[in-house]
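Can you read through this structure? Questions will come right after.
Chain IDs A, B, C and D follow the sequence of writing; residue 1 opens each chain.
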């Protein structure tokens, strides 16, 4: 009844799936609070200065990622992302039977996070985004963003653990700016952001295009992820 | 006469309470200098651009937290926060008899910090804030902010110590933006900010609502904090 | 058939040159996506506020560098820079016979990255920059920028590896602001940025001046790099 | 002929004073290039937005400090600051006979850095600042800034070395905003900034007030610095 395969970190893998799933739910909820909440705050305070709003949004998301991965990584891996969970299972870092619980927890947590952000900022809980994000350039951007995210996470396996938190947070902070899609790179995040008609939202009809691009990136990255060296192995 | 329970870090726990309390006082004073001082500077330089002011305020507070927790963590835990001190006692990381000295030092240090900020910027020392921060959305925000802060600190126990400084600083920098209340998350800070009629202030009559929300978060988090793994335990 | 000399990190040096070159290509492509992509995004969103645009550009580049060096450092050294590769060979950190593959991969990857950035943002793939960057002050700036970069990398050899990622990223984020040239400091990056008529571009006719200045810095730094202490040696 | 007392890090202390002084000169030159250069760039690009200019100046200085302390700390301690050097000697971290060479190198390096910044940005090399920075609030600010800086550096002795770089950089980035003086906190930096009539300058007649405040802070901090725990000691 353990979530992780025992090869890499035997002690960590003795935790039950339920505990790991609860942690994934809490972590992903906070991630969406960070993404959507800081987007709302930024839109209100930046008064039409979209550049300043995106800068605040990127810094807040990066800050949250550092904290969430450091705090929750030891308990569940702090994936917060179905693409990461699938890649973990495909590279023997997570048992396949833990995958459904992980992904369900991520999607539920993500939606919960969006709703908590709406409550905090005094907005209607139920919303559908009207923010159009579609077309080949955006899809190429999501492929690049997700491919890079997976390469960064798996590349960091060669170090001891805390390094991944800084690498992922720095990558996403940058990718908000250097990808044309502002780097969703996460199917659970994409679904949840469709439920917020605020700065960070995406129209529900545009979500499948983004999610498809994210899975294309997963397929492209997997052969390389399998070759990433482990700590002590290089 | 030691401040810490001896289970986790025996050597650190041999320091007397008085030394730890003096360190808490200095650390919390610097934290409030950072929060209130950078708020004043930001308000002056940003010339009405509240988004830019909050960005500077958040970056400055995060910078101070990295430095203060790294520098003072080994000597007192660098709590700077009665909610953290109470949670530490409730999870056997601090002896209960050290709690009154810690909290007194935090409140005195926080007020001292606000007054030093006023002196530095040539303002009257004694002030009462007129900045309204109240209502259910703000209180929900404080519950979320404080709950997340405690989860982050206790989650980081699974790593070796310096990691907590980066996680907390990153979290608070983000939470300035992603919570509707700009994340006070600290009763001593709330009391002290009531004494500053500047960017970071809160009306004295609104402070009890914030502090109550912070204690609600403490009560919600405690059962989870008790389950956080220690380093070497996972 | 290994890329690294065996003196410092024997295990790392057993990887074949081809694998290291592929990693250099991917890493340098992402670096240019970050530099050019965030420049395009910044120019669009900042609406004429060049200061805000450069701040976003610097933060995004720094974020990418943290992630890329942490993720790819263990596999190829994550040079992404012919000046670094040549210095590595000259100080016995890389076998000379690996140098051509490294530099070719860096230049190809850099150009590929620029083109991917253009595709993502819906721009023509083939462009030539019209951004003039020339004259003695700019060349002095490139000498200083490159000299400092090399000193920082080699100085960090006294620590264990992950530190270099943070030092380089922090240095470049700063150097975007503190050098008059915004710190190209990299011949492969200079060539690729000549192929983008966007915020980050440089006129093709100005590239040789920048690259020459970068090699002057390499010559000036080499005697000092040879004296940098190794970890465990100081 | 070694620069450091042998108590703490015997291997590091075997380096000759001359090598350490050259490193201090290079490091302090880069620090002033960062402070003054980014100030010039910020003033040019921010177009009257002083808040944005100070944010860029603070981020660039913090970035440079991370890199410089990580890279040069192992070779000289990377003091770049006579107040730090004197405190190091007074707490047995540096031999007194190394102090004159350190301080001379810091002052020469600082001035050289200012002049290089002027050259890079096409300005006259020789300048005297006309930027008034005086009065009791500014002096109180310098006492607080310097006292905090010393407390942070000595507090970090309880960790292993690389931590200090992040703590100092984060502290100074914050202190640009949270002290009324923007935190010079360094006599060599103060002297050199008197020689630049740009964003970061200070009138020559105001420098003695700042430097006096910095020495007051040194006197206040010394008794506490002597009590800071060493790594392995807590």
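Heads up, the rule we're going with is that contacts are C-beta pairs under 8 Å (C-beta built on N, C-alpha and C of every residue); 3 or more make two chains touch, one makes a residue touch a chain.
If you're wondering where the values come from, they're calculated on a predicted model, not measured in any experiment.
Where touching is counted per the definition, subunit C and subunit D have no chain in common.
Residue numbering shows that subunit A and subunit B use the same positions for less than half of their mutual interface. Work out the mean CA point of subunit B and of subunit C, and you get 39 Å between them. Put simply, the C-alpha centre of subunit B and that of subunit D have 27 angstrom between them. For subunit A, residues touching at least two other chains, in rising order: 49, 52, 55, 59, 62, 166, 169. If you draw each protein chain as a dot and join the dots that touch, you get one closed loop, with every dot joined to exactly two others. If you check each pair of chains against the touch rule, the ones that pass are A-B, A-C, B-D, C-D. Residues 49-52, 54-55, 58-59, 62, 135, 137, 140-141, 144, 148, 151-156, 158-159, 163, 166-181, 227-229, 233-234 of subunit B are the ones that touch subunit A when the two sit in their complex.
Residue ranges on subunit B touching subunit D, taken from their complex, read 9, 11-12, 15, 19, 26, 30, 33-38, 41-42, 45-47, 49, 52-53, 55-57, 59-68, 70-72, 74-75, 116-117, 119-122, 161-162, 165-166, 169.
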